[in-house]
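First chain A sits with chain B, and in the next complex the same chain sits with chain C.
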Partner chain A sequence: MKLLNIRTGLISVLALAASVGMAQAKSDIVVAMQLEPPHLDPTSAAAGAIDSVLYSNVFEGLTRFGADGAVNPGLAESWEISSDGLAYTFKLHGGVLFHDGSTMDAEDVKFSLDRARAEDSVNAQKALFAGIESVEVVDPLTVKVTLSAPNGSLLFNLAWGDAVIVAPESIENIKTNPVGTGAFKFANWVQGDKIDLVKNDAYWGTPAKLDKVAFKFISDPTAAFAAVMAEDVNAFVGFPAPENLPQFEADPRFQVLVGSTEGETILSTNNKMPPFDNVKVREALAHAIDRQAIIDGAMFGYGTPIGTHFAPHNPDYVDLTGMSAYDPELSKKLLAEAGFPDGFKTTLKLPPPSYARRGGEIIAAQLRAVGIDAEISNLEWAQWLEQVFKGKDFGLSIVSHTEPMDVGIYARPDYYFQYDNKSFQLLMEELNATTDPAARSALLKLGQKIISADYVNGYLFELAFPTVASAKVMGLWKDAPTQATDMTAVYWAE
Partner chain B sequence: MGNRNLILGAVLTAIFTGAALISMIWVPYDITVLDIPNKIKGPSGAHLLGTDHFGRDILSMIMAGARTSIAVALVAVGIGMGLGVPLGLTAAAHKGSLLDELIMRGNDLIFAFPSLLIAIMITAVFGASALNAIIAIGIFNVPVFARLTRSGALSLWTRDYVLAARVAGKGAARISFEHILPNVTNLLIVQGTIQFSLGILAEAGLSYVGLGAQPPTASWGRMLADSQTMISFAPHMALFPGFAILLTVLGLNLMGDGLRDMFDPRLRRVRG
Partner chain C sequence: MLRYFLKRLLSLALSLVVASIVIFLALEVVPGDPAAYMLGINAQEDTLAALREQLGLNGSLIERYAGWAGGMLHGDFGISYTYRTPVAEMIGERLWISLPLALFALCLSTVIAFPAGIWAASKRGSVVDVVVMGVTQLGVAIPNFWFAMLMVLVFAINLRWFSAGGFVGWDAGFLLAMKSLTLPAVALALPQASILARVMRSSLLDTLSEDFIRTARAKGLSKRQALWRHALRNALIPVLTIIGLQFSFLLAGAIIIENVFFLPGLGRLVFQSISARDLIVVESVVMLLVFAVIVVNFAVDMAYAIVDPRLRGRR
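This part shows the complex of A and B:
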């Protein structure tokens, strides 16, 4: 009898819980992505996965990227630029609290920027801060940044995940317990599985609509497909298997957003390693490659062909695909002129993503057709960073450069593809010193043409950014103007 | 019964060995040439088993894959026998000595690790390639043959004809090779067939996780891995290489069983 009572009681409690759940819109979400961050400090590592979880959600900068890639005000509500373009005075939002309860003020901004640009800084994008001469605290809500030369992209640079504002009080444990100012607070990290964020009730801006966000890490494409199909995850950002997208599109439970990215996918070429130090050989490579076959074969049609290192959705993009049109006969001729009538042997080192692994097989077959024998080796990310990115021990590689507006890497002769062209370096210096939009646009266009004419790398396609989500999830970013999964405006439709 | 197994096994093995041999001189389509516009087509007159995600002919891939699998497994079993058999003979000839202990405990050490784990470890350390897969699979074959040879040889060392040879003044090494080895050959052939099928499975497993033969060399395991995300709309891409592995391994196992029954009817009775 007693047992029966307990049971009926339990059932009524369950029924009550269910009805409560029905009445309110869902307030938690599980978002999956492929790569797990190595740690949680966006200001000390190049890993994009850190920003994918924390950017805008937990950490904010003085400026921030919007869903369309525009630079919007962040922690700075306004700014003034001196007439010589050397001094930026930022007015900060008042009443901004870090998640640990301390106030965010000008001292924190000075600390963050000085830390990022310090001699011993481990910031992965120190070049962003290179032109800053000093950071001064004018009053608790005003910061003055002085540059050594005018820099037209300072506001853009400060929007990067590498330039977010951190507090000296919490910096010591930032890698495991990130404390920022964002609309979500870090709650928990189960390594190898997920990171939980909870809503920050003391947020200074528009509050988040969700109470809980769990980021789950699923690296295997098959497991990703199964997790979405079984609705174990509510959204998968950067879905790794383009071949499965048509199935999701045909299923009314899901929505598929195919957005643009800043990911220029290139056949990275070691410009210092013979025979690639010869521009004729690089030109031959460019003409040996059939981009459309790679997009169709490796990406199942998702991707936009590019002819230079620049995002096609950018207004300053120049379509230079014609410079490196598919022409195997011309390629053979160029190889013969360069002294390799019978081709040569080289290495093709591929990181794990399917664009690289599948694209690599296709490119190897295309190169074989003109006599170049590219020996494929498949590497894990850690090995790839060690051998290719740091060790520069490679002939060819395939990788997607997902940082926004990163054409500046071609001005760094020590960057892994080792392109060293004085005139391009001078051009980038000029660009950094130019603030006039029309002049900047002209310089950017010229820069694209220089690297395209030098055939620095094989330019393949702009990576598409597929997001598969439950049809009821609203407010997700379609495009990926930077590495971010901004959940601040996401909600469940009823 | 045993005879039927043997014939069925031999036929299956012959089919795949034949396919591997033919692929050396002829395949229906060149598998190093990709034909992207014709990707993921089901079986048809032009492509009997359909095409894969790069438009390659799956029948040609399976034929060339048979060559990779058989070559890797054959050489690996060769390494296992070449090292394992002399080790086993030596251990048996010096039973109870320090040398015997060293050899057999060394074997136990390799045995202590799951075979595929060793293979993954070796290929992860020395890089993924068909050669390293051969070495890896070969190494875990060594203790199998060493143990088998030792146990077979131990029972032979007490035989009268061995005793006679010893009386005649023959050394341990000479007895091992002239009297012991010929009498354990049956055991070795049977075990070799079984290990051969395990070698094919191991090669497929290593290729599946990307540690076996690298593209453009065809490999059944990699065909399976490539088709994994497409299985829901292109099942033929996974089914055909899957069947190839299944039938080859089944054929070799049946043949191994059949051979054992043929060589040693007593064993069949004992094992039921």
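This part shows the complex of A and C:
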């Protein structure tokens, strides 16, 4: 009997809670994503999850990425570039406050950039700042950045989450209490569960439309599906189960946005390990692969085929998929010419994401059809980093390279796939020194063609970025030009 | 009794020391560098070195073991590599979910299993017995994560009685917090209750066929009186053993259920930490679980002694 009373009480409490919830106007949102940030300092870790929560919402840089991937003014309202391309003078917005109430000025910019490029810096993208020779404070709202050589990518580099402006006094606790200048303030973090942000009423720019944003972390694809279906979360960015998307599309309660990303998914090939040091073998590999079958089989049709290491939505993209069209007969012929009429054995080392695990099975089958026996081993990320990335102990691997505009990795002969081509390296040097947009575009296009013609890696597809949200949520980014969940313009439609 | 107690206590302490060494060594040989994991694929060599220095990964094996084990003796579990917060604090937070969840599931399991097992044993061969045996057979066979997903489908997605997962936090009030633990607790309890009910039944049946029960019946006790006064207490020893094992399992083994319901419990912490090579967290949580298992076993040993006076005198 007592038990019964507790139950009745429980139900009435719940009913009450539900009705209170309904009466409120919607100014808060629960956004779910798969991965939880390890900590909250975007300037000292590679984890994309940190930017997914904080970029643009809490932290801002001198420049910032827009929803279309364009580089827009951020904390710098304008800038001047000297005629030799070596000096950038940034004019900062006035009246910008950090969330702790202190003023953001040129000293903070100098501090942030100097910290990122310092000797003992633990910035995961330290290379972004490599060409910076000095950062000078001209006056409280003017900063001059001097380069050792012209760098056409500087404004782009400064838009990265790793280049955000931080308050010197906040560094000590930044990993648990991030203090930025953005439209939202950090409020609370229940580790393993969620991070709460609240609106920054003292924001210098267009104020946020929501009062509260909760980011929830749900790693299991089945749990993700259930949480969206039960409307426990209002949006799920980077939804992990593409097979469930049609079900959401058919349900009027939800909207499904399938955007593009900067993630070139490639069959990484160890260019120094025989027989992959032979370009004919790499070409044979490229023709053995049926991209569409991988996209359909591993990604349930979500993904754009690519023929080089470049994002298809970029205006400078060249469609080179024809260079590596699916042609198993040609592949066998090339293998025979290269001296492997009966194929060969190699390793295929796969990191955890499903594009790699599922795609790996399909690719192994396709390779087997032309006589290449790829032995699959499944690795955790930490093992992958150690064996494949650092140890270069692999024949083949599948990885999505999610950094934006990262074709420059092909100019690094010690990079894990070990591509060493002098003319490509010179091309990238020239690109870095070029600021004229038309000339840059021409160089980028040429670069794409070189790596495609050299069949450096197997180019598979550009990763899609699916978001499932309540049909009433407006203003979400569809594409993912950088790993960000920009909530500054998100609101509820009535 | 005192001798029995001291002997058990000594074996408890020894087990802990051995466990800490095994755990530490086993995890130290796991390949993978936490610094490389954190800084990702664009990190430069000097940046990695700087981070390794910051994390204190450069000391010798013995130095690091001594630091870790020594710290634990006074409750200091060290600082997490990735989160950069004290491990003890993190574990404490997660325990506030895992411990109540385990207790909740254990209560459910016991509340279901005792009556079912006793009832089935007292009416051996009847319809009740057949039903209990059938249902518990099913309960043992069904994987708990599958049952969990089924419950989510029915109670969260279709009926909307519960949320699909997550934990509202104890701040939201006891009832709401318990509500968010209900589905996971039921999912965890079902197989445990089934096992426990079967053990209860068979143990009771064994006892009921013993001579002293016949004697009790001959003295004029009814079947029911004999069962409640004499058989039950004697049948409890194997049941207690199972309960002890189950509690440790529920505390440590809820990883999958925590994932299905995205609960920020201990299991999820271990899971995340292993992939991030946050070894100090993994080591400490595993150590804590070992500690819990050993202490529960110790408590069960003590409970035997209370239930069965013969054990107290035994050497």
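We adopt the following convention: the second predicted complex is superposed on the first by the 469 of 494 C-alpha atoms of A that agree within 3 Å, B and C clash if a C-alpha of one lies under 4 Å from a C-alpha of the other, contacts with A are read in each partner's own complex, and residues count from 1 in each chain.
Keep this in mind: a residue touches a chain if its C-beta (ideal position, glycine included) is under 8 Å from a C-beta of that chain, and two chains touch if they have at least 3 such contacts.
Because the structure is a prediction, the values reported are computed rather than measured.
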| item | value |
| --- | --- |
| Touching partner for A:123 - first (chain B), second (chain C), both, neither | second |
| Which superposed partner A:187 touches (first chain B, second chain C, both, neither) | neither |
| Chain B versus chain C, judged by how many residues of chain A each one touches | C |
| Touched partner set for A:361, first chain B, second chain C, both or neither | first |
| First (chain B), second (chain C), both or neither touched by A:426 | neither |
| Partner chain in contact with A:222 - chain B first, chain C second, else both or neither | both |
| Partner chain in contact with A:244 - chain B first, chain C second, else both or neither | first |
| Partner chain(s) touched by A:325 [first = chain B, second = chain C, both, neither] | neither |
| Which superposed partner A:230 touches (first chain B, second chain C, both, neither) | second |
| Touching partner for A:149 - first (chain B), second (chain C), both, neither | neither |
| Contact residues of chain A, present in both the chain B and the chain C interface | 222 |
| List of chain A residues in touch with chain B within their complex | 221-222, 225, 241, 243-244, 246-247, 293, 296-297, 358, 360-362, 364-366, 368-369, 375-378 |
| Residues of chain A defined as touching chain C within the complex | 9-10, 13-14, 17, 36, 38-39, 45-47, 119-127, 175-176, 190-194, 216-220, 222-223, 226-227, 229-230, 232, 352, 380-383, 385-387, 389-390, 403, 416 |
| Complex interface listing, chain C residues touching chain A | 31-34, 36-44, 46-47, 50-51, 54, 82-85, 90, 93-94, 149, 152-153, 156-157, 160, 163-167, 169, 173, 175-176, 179, 259-265, 268-269, 272, 274-277 |
| Touching residues on chain B, where the partner in the complex is chain A | 32-34, 36-37, 39, 53-55, 127-128, 210, 214-216, 228-230, 232-233 |
